[in-house]
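Here subunit A shows up in two complexes: once beside subunit B, once beside subunit C.
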Partner chain A sequence: MTSLVDLHLAPSDLVDFLILGIPFGCVYALLAVGLVLTYKTSGVFNLAYSAQAYVAAAVFYEVRANQEWNLVLAVVFAVFIVSPLIGLLLYGGLFSKLRTAPPIARLVTSLGLLVAIPELVKLWFNGGNTAYGPPGLVPTFNTIRFGEFGIDTDQLATILATVVVAVALTAMFRYSGLGLKMRAVVESPRMAQLSGVDADRVSAISWALSSTLAGLSGVLLAPLFAQVESMQYFTLLVAAMAAAAFGRLSSIPLTFLGGILLGVLQQLIAGNLPTSSVLATGIRPSLPFIVLFLLLLFWPGLRKKETTDPLSGVDPPPPVPAAAIRTRGMTVFTRGLGVVVVVGGVLVSLFVLDPVWLRNVNQGVIIALIFLSITVITGLAGEISLAQSTFAAIGMFTAAQLTDNWGLPVLGTIFIGGIVAAAVGALLAIPTLRLRGIYFSLATLAFALFFQNVLVPQEWLSGGNVPTKVPRPLVGSIDFADNRWFLLLSVALLALFSVAVILIRRGTTGQFLQALRGSERAATSIGITPTRIKVMAFAVSAGIAGIGGGLMGSFEGRANYASNFDFFFGLVWVVLVVTLGSRSIQAAVIAGLSFVLVPAILSELDIPQAWAFILFGVGALTYARHPEGVVEANTRSSLAAIQRLLGHREPGATTTPQPPNKHPSSDDGTGGMRTPEPTTTDAGTVP
Partner chain B sequence: MSLLEAVSVTRTFAGIAALHDVSLEVGEAEVVGLIGPNGAGKTTLFNCIYGELRPSRGVVRFRGRNIGSLPPERRARLGLGRTFQRIELFPGMTVREHLLVAERSRNGRGGLLRDLLNKGLPTPDERVRADRVLGLLGIGDQADRPIESTSLGHSRLVELGRALMMEPRLLLLDEPSSGLDSNERTMLGDVFRSACNESGTSILLVEHDVEMVSRVTSRLYVLDSGSVIAFGDTSEVLADPLVRRAYIGDVLA
Partner chain C sequence: MRTRWMALLVLAGLGVAACSNSPSTTTTTAAPDDGSDGATTATVDPNGDYSENVPVDAPGVTDTEIRVGGVVSATNPLAASYDDAFLGTKAYFQMINEDYGGVWGRQLELVAERDDATTNNAREVEALLTQDDVFAVLPVATLLFTGADRLAAEGVPTFGWNVQEEWNGPTNLFGTRGYVCFTCGNSFLPWLAEDIGATRVASIGYNVPQSSECAEGNAAGIELSDEVELVYDDTSLQYGTADFSAPVKAMKEEDVDLVLTCIDANAAISLIKEMQRQDFDASVYLPNSYDHTLLEEFPDQMEGQYVRTDFAPFELSEKPDGLQTYLDWMDELGYPTNELTVAGWVSADMFVEGLRGAGPEFSREKVIAHLNGIDSYTAQGILDGLDWTVEHTDEGDPICQIVLQVEDNEFVPLYQDDPGKPWLCENANPTTVEEPFHQ
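Up next, the complex of A and B:
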């Protein structure tokens, strides 16, 4: 807290801005350099980097403030023992198995860790209590004067550490054999192995190293905050990404420079913006997000196209979808079962559950509707958007303002909210979808943080401190103020949009998107325009999220942003949906219900809420084994088992799923092993 | 008027000319070969024609129109089809679906609204068209197989079929024989010829395999170090001592 305030000094010339900006710049640089190191040495854009920093800070706080260890001992323990061990654990347990996985798999895994690790730490340290007033690395606060400005000793330590780290890492990559090997392993672990490099060892070392750096930053930066809190690290990390992008995610000196420039720029702008307007106060802290967004779009040299391991072709192909091994009888049966489960669930909710659980179920259904938006953008278009909660919020605010200011019927405004969200989505997508993979994800993350910091506090949008009221719909004699009617409305909308998503998935749009995901080059060779079709998918996705958001506002009676659509929820959502299965409607529904019901059940059982996030986050770690999602994987294996059992009684009607083979002998003549008449999608038609 | 004309195409990478003043023509219903040793600039020229690279200088005309500034998908819709050296397929689709996607892209009868009205599924006549092309390629029996389980040879035919569904005027084939054994090569060459005779499609064949080139093409260009060192009737060019020395001399000797 000592340094993030007191910026209104209005210094007059550039030197002053430099002196003021450099300490902040070094904070960004230190985090960004670590991020670049992980990316450069392991190919993982590690969003959990901030969680690793947080762990070290928490450990340091615990041993230093609570157990009053000696300073050196505390630093050695937190930074040089615990941190590298965490790095080794993460690598050995997780990322070593993802070395040739697509970048998205690694992104999702790191997101899962980002969600789970801080919650685990909170449980273990301080018994979940907040750690206030973190101690600095340097014992006392001495201020060194530079003219009229001072730099305190902790800032000085940060500056020194940053310079040392930047120089050492640059030297390592430029002059040492280890640095060379690390770069080779990122390009292609298998090729590196063929040249006699122990890829596993090199990667493990780089993880330990980068984790140590994360720990160092965590401990150094702790005094910036009033308390040791993981989200602050994450926000700072996203800001630091602007510096990493400036360094093209590969150059450590450029990243260092980028961090310093960012710090100075922020001071320059802070010194020249009016301090009275809400907009200006919002823009100042979110400047890095704007810079990150612009850099992603315009900075030349960022490698926008993602490369895959040249030898990734030797990986076995993914298993066939459950629907493809399902016989006609099974299809009818599972669909019948689905209808029974849904209708039964709704009836139980309406007539058996008490009002509290009825509310919970309803919220789960609304969240499930929002999750369909992730099914579209991630499941169909293959992109990870980290701004889905933002689109839901846009829908909610639109509905709230239209009913509040113009008294429009709320059901209509919910749909208008969807259209507005879709329009914003399309506008955002047009420039950003040229970026692929993690760059697209980062751009959406920057947008989400910008929205949260600059726009959400605006009174015309959110109602300011008191969230705008949103009424319940009233259609004819049906008053949806009754929670039972509202549940029926929510289920109806969920069903409507589920059908829409199924139709899109099996229709032309879905096929084009599948072609694009499979091979963009091949898709363009048959005249498919990637940007157009993806912008469309993104707009549809944003629109669905917007409608879900409006519905949530109406359900809760107020446009509550913080408790529903904080950007961090958007990250958890992606983790949850992708873990359960991003292509499947059932998975989205199960994910939506779990998101609300799991915490509710936990609190009923007096288990700390943290476990819900831990569960969701850790779930993402199964993504390495089941990229198609847990629900899909389970469906497939149980289907196969059931059909094997039935196989004895219905010869010819069932088939054993045959693991597809990349290059079988060209004439295998196994007519009996063929799949039956394929259904185009799992909810699709039987021709 | 020729179908495809590349005029004085030059392409430099960081000051080094990968292509220097290369001109090339492909006429209607003609099979033209493009050969050259590794690093001669074949793929660079191919990419300049197809649109993955822009020429530094020079003009590429297709059907009388300067296509130099069009992105690949627009060129594809103008009638420029292609296959890939390292096959590029759509995982999760069956063989037939590969062709149906191309058909839908060609006839433009798709769209979000039609999908939502449940009119997105392939129509019977689209399936008939796809099956006819599969039959032409001799892989009609593979139609319902998931693409992951087809052999490399069949995969190349699927790529060809997918390109043919677009009814291209010119097919660009990038080393179609790489990774195939000699039987498969012979079969593939025959299929190209017959498929293109049937529809009157021209072919520009980039190939390493001189035997295949001499069997399939009627005219030939030879690239070496970024320049055309010979062109003309295939048999004459292959007999040219300069060509033999520069490129194939060691092979045929």
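Up next, the complex of A and C:
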């Protein structure tokens, strides 16, 4: 049995690992090159790239396996017709409107697509049946032998395609006018246009090209698996992100090299760690995420600030927040109405709803509490964290273990869980908050994946096969085993933390965060310590999520990670909250309730559950029109309409519709989804 | 600001000091007393008269029908057809209603077919209990079973495809596979290895609990043998991986001749493809791959490999009555024959057995009590014989299976030299490798 770590590798071993690592290294490289191409030519870190690959694989399967088309015809259709059309559709319908938006805004939109596209495809693909035996680009499966090893024809096709793509793209960027124009358009479409470049046309070509590459990857990599399934592509893509990071999201040759190195490193680790040791079970599955995390922190090429459009300052001013156009009377009225709605909603839930809907509302309230954590980290601090479900899970596991092993009162352990989550959040924030924009988001994603792959399987944390039990609280004679009492507890905690978030927003911390979002340099010059404030915000955010997680565990009776806090939920949550309005508590509450109630309503109507994710994902497409969030936009228009009806308005307030907000500033209600501090000079910004 | 935070902490501290845990959720959830008196009972005569219709006051029961509802993970990340379990139940109910006029003068109706979308199991279970007004819950075929505690606490007769340990314990949860224990070692695997001439064995699984515990059980079984050695044991694979090159290289270097897997069928295909690339010729034991679609799509990879079933496979030359009836009805209705439809069919059969045994004045408690008195439930030969007097806990019911090998693109049942006794069984908790007995 392999039991010892043998790091003294003979040359033959190294050659073996190289041979074994190259085929899968090329898989990573192919996907990573596609990611870099998209980022480099469109400025979008396109998490939906895997979804585009999946579409092509599904189309290819349909026409080749089901319709039995000729191979060449099937490839041409899936890769060179459908795929570029999808790219053009995405650009024309969506990303063209976000061309000058900050990268993080485009990241959220791509997250929405990642959620929606696979579910849309599944509605028609293969009649809903398992799509076994995906056909490859090579008609017959043969193995070409190299001594003891062999490479099959599908792998060979992948290796050749990866090399050709890497060389061709490198040449295009280095030697062709189109490559230069693509980079110029990403840097500043307006500057490019001033120089006579048709920015629209160039961007459209970029999207068609990157989507074609996604399609090629989808078809090439399909035979890796026994069936065509979207999650497999996303799993590969997140691993490939490490290679893209190695290439600094800009260098095709380095990205290619990064993919190969990752493939070889995986073989080295797998071949030299004792296979069932804690070390191996921890490191092997999470290697790409550890590498990604370390690269983000220490790879010099990634520490530069994101480039922004030097002409971004010519954007029109953002719309006025809804709160600013309210008269005093209207403020009193809307707040009163809010109280009536909440109290009425709670009363209806308690006395009218049946047990199922009472349960749904309860869960929705708890999720809304967790969503407040996104309001803090995104709405106040202006960062996108993709690890909020992880912090919720930390809170839940802490509460579960403390009640199960130590017999502590669950209500106390829920708060302790929040403190533990906050501490983990602070520890994570210290190294990561110096990263900007999408790099910070990717670091949180790497952390979430590490947690899921390494820590969640541990029995001491999650309970292993059967989740650990978490009891309901008992306070005096009030037994929260009754869902009605539990709803009151959940609502009370939601109200408590909503007030806390409002206080933070209005207080010194909130003002500091706002100042930092305006201009970090200016804020620093007046004595604000960015790291301290942001670490605090991140810790508070993680703590709120942790408390929500503990509460969820108690509500469900067990620490169910897979059904509540899988990392993918964290991605959907961000999409939902940002779509509805990341700065608005009202939006967080609506988002939380929607997350639970929409699938429940669909279930009642016998509509496939897939539509819930489609709706959530498609919701992100409204981001182009309403970067401040749908709830905020609707509130503003409703208030304007009411005030028009009443025939008066406050001095200085405006009800005039504003042009689409392409470049919101810190007060725009977008939750900080704005351009980071310009890299050139503050003088470029509009006063 | 600090004062506010201090006040908040003090308030929280006061709250914590005043509270404890609800007793209704701190004790181990178990079903109410199953009502059995400890004596064993035989299964009822399937051709008996069960037409007597007397008024019954029970949830989901009217003078003309008995309503049940099920929940499956129709929407799941594996793209597996768990909703086929509904077809099995519907087919069985159709047979009972058409051929026997229902049970106790009432038609059996599957009134709710719920999809828990993998993550909403507890909610859908709640809906079954409070919205759908069902007498029993069947079939259950889900990836997660977070509604188990609720079903156990309510004492609702529940039947389904049990691939989670939540089924163990509560006496009202009846899984078609009986008691499940992933970590339990059994002597069958080392016996099989010895029988096919394998001496150097490998075990692989993912780093997720269910898979790694299964691999742990395999390893424990091999430890029982003096002739078979476990030379490679790997539970560090990422769930969903398609890259098996390093494990295959290591197994090849260790001269492994039998690979025991605790991975899903998709990954098993990737594993075998990698073995073919590296020209590594060992047999593979695939406990989860009795899947005819998989065989049809990957004949080159499946050829020569071993699979197992805990129900009578369709290829048996002497088909038990229950299996033949199942196959006939599936054929008549155009439904697929697979593990999930079998699970739905057996769930329905078990329910009907309980219902008939409970008598015309049946109740949930009586159904549960009748089933828990049966010491050999076989679904007319589809199962080896579940002893429900001990099956809810690990108290020594023999473990039986049928092993098949793929030969010329077909599953061929092995060890069928004792007519009418297709099962290979071993006693629970073995300490040495024993020759399995036929049943």
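Remarks
Note that the second predicted complex is superposed on the first by the 625 of 687 C-alpha atoms of A that agree within 3 Å, B and C clash if a C-alpha of one lies under 4 Å from a C-alpha of the other, contacts with A are read in each partner's own complex, and residues count from 1 in each chain.
As a convention for this text, a residue touches a chain if its C-beta (ideal position, glycine included) is under 8 Å from a C-beta of that chain, and two chains touch if they have at least 3 such contacts.
None of the values given here were measured: they were computed from a predicted structure.
Once the two structures are superposed, subunit B and subunit C can be ranked by residues of subunit A touched, with C on top.
Of the two partner chains, both subunit B and subunit C are touched by A:Leu503. In the superposition on chain A, A:Leu20 makes contact with subunit C only, not with subunit B. In the superposed pair of complexes, A:Lys469 makes contact with subunit C only, with no contact to subunit B.
In the superposition on chain A, A:Ala481 makes contact with subunit C only, not with subunit B.
Judged by the touch definition given at the top, the superposed model places A:Gly271 against subunit C, while subunit B stays out of reach.
In the superposition on chain A, A:Glu556 makes contact with subunit C only, while subunit B stays out of contact range. By the document's definition of touching, of the two partners only subunit C reaches A:Glu459; subunit B does not.
When the shared chain is aligned, subunit B comes close enough to touch A:Gln511, but subunit C does not. In the overlay built on the shared chain, the residue A:Thr524 is in contact with subunit B alone; subunit C does not reach it. Comparing the two interfaces of subunit A, the one with subunit B and the one with subunit C have residues 500, 503, 507-509 in common.
Contact residues of subunit A toward subunit C in the complex are 1-2, 16, 20-21, 23-24, 129-133, 141, 143, 145, 148-152, 155, 224-227, 229, 231-232, 235, 266-267, 270-271, 273, 275-277, 280-282, 284-286, 354-356, 359-360, 363, 403, 407, 409-412, 415, 453, 457, 459, 462, 464-467, 469, 471-476, 479-481, 500, 503, 507-509, 556-558, 560, 562-564, 566, 599-600, 603, 608-610. Across the complex, subunit B meets subunit A through its residues 50, 52, 71-74, 76-77, 81-82, 84, 88-94, 97, 100-102, 104-106, 109-112, 114-121, 144-146, 148-149, 151-154, 159, 162-163, 165-166, 184.
Interface residues of subunit C, counted against subunit A in their complex, comprise 1, 4, 8, 12, 15-16, 18-26, 75, 77-81, 114-115, 117-124, 126-127, 129-131, 144, 146, 149, 164-166, 182, 207-210, 212-213, 215, 230-243, 245-247, 249-250, 252, 254, 265-270, 273, 276-279, 293-294, 296-298, 300. Interface residues of subunit A, counted against subunit B in their complex, comprise 317-318, 320-321, 324, 500, 503-504, 506-512, 514-515, 518-519, 521-530, 536, 540, 658, 660-666, 674-675, 677-678, 680, 685.
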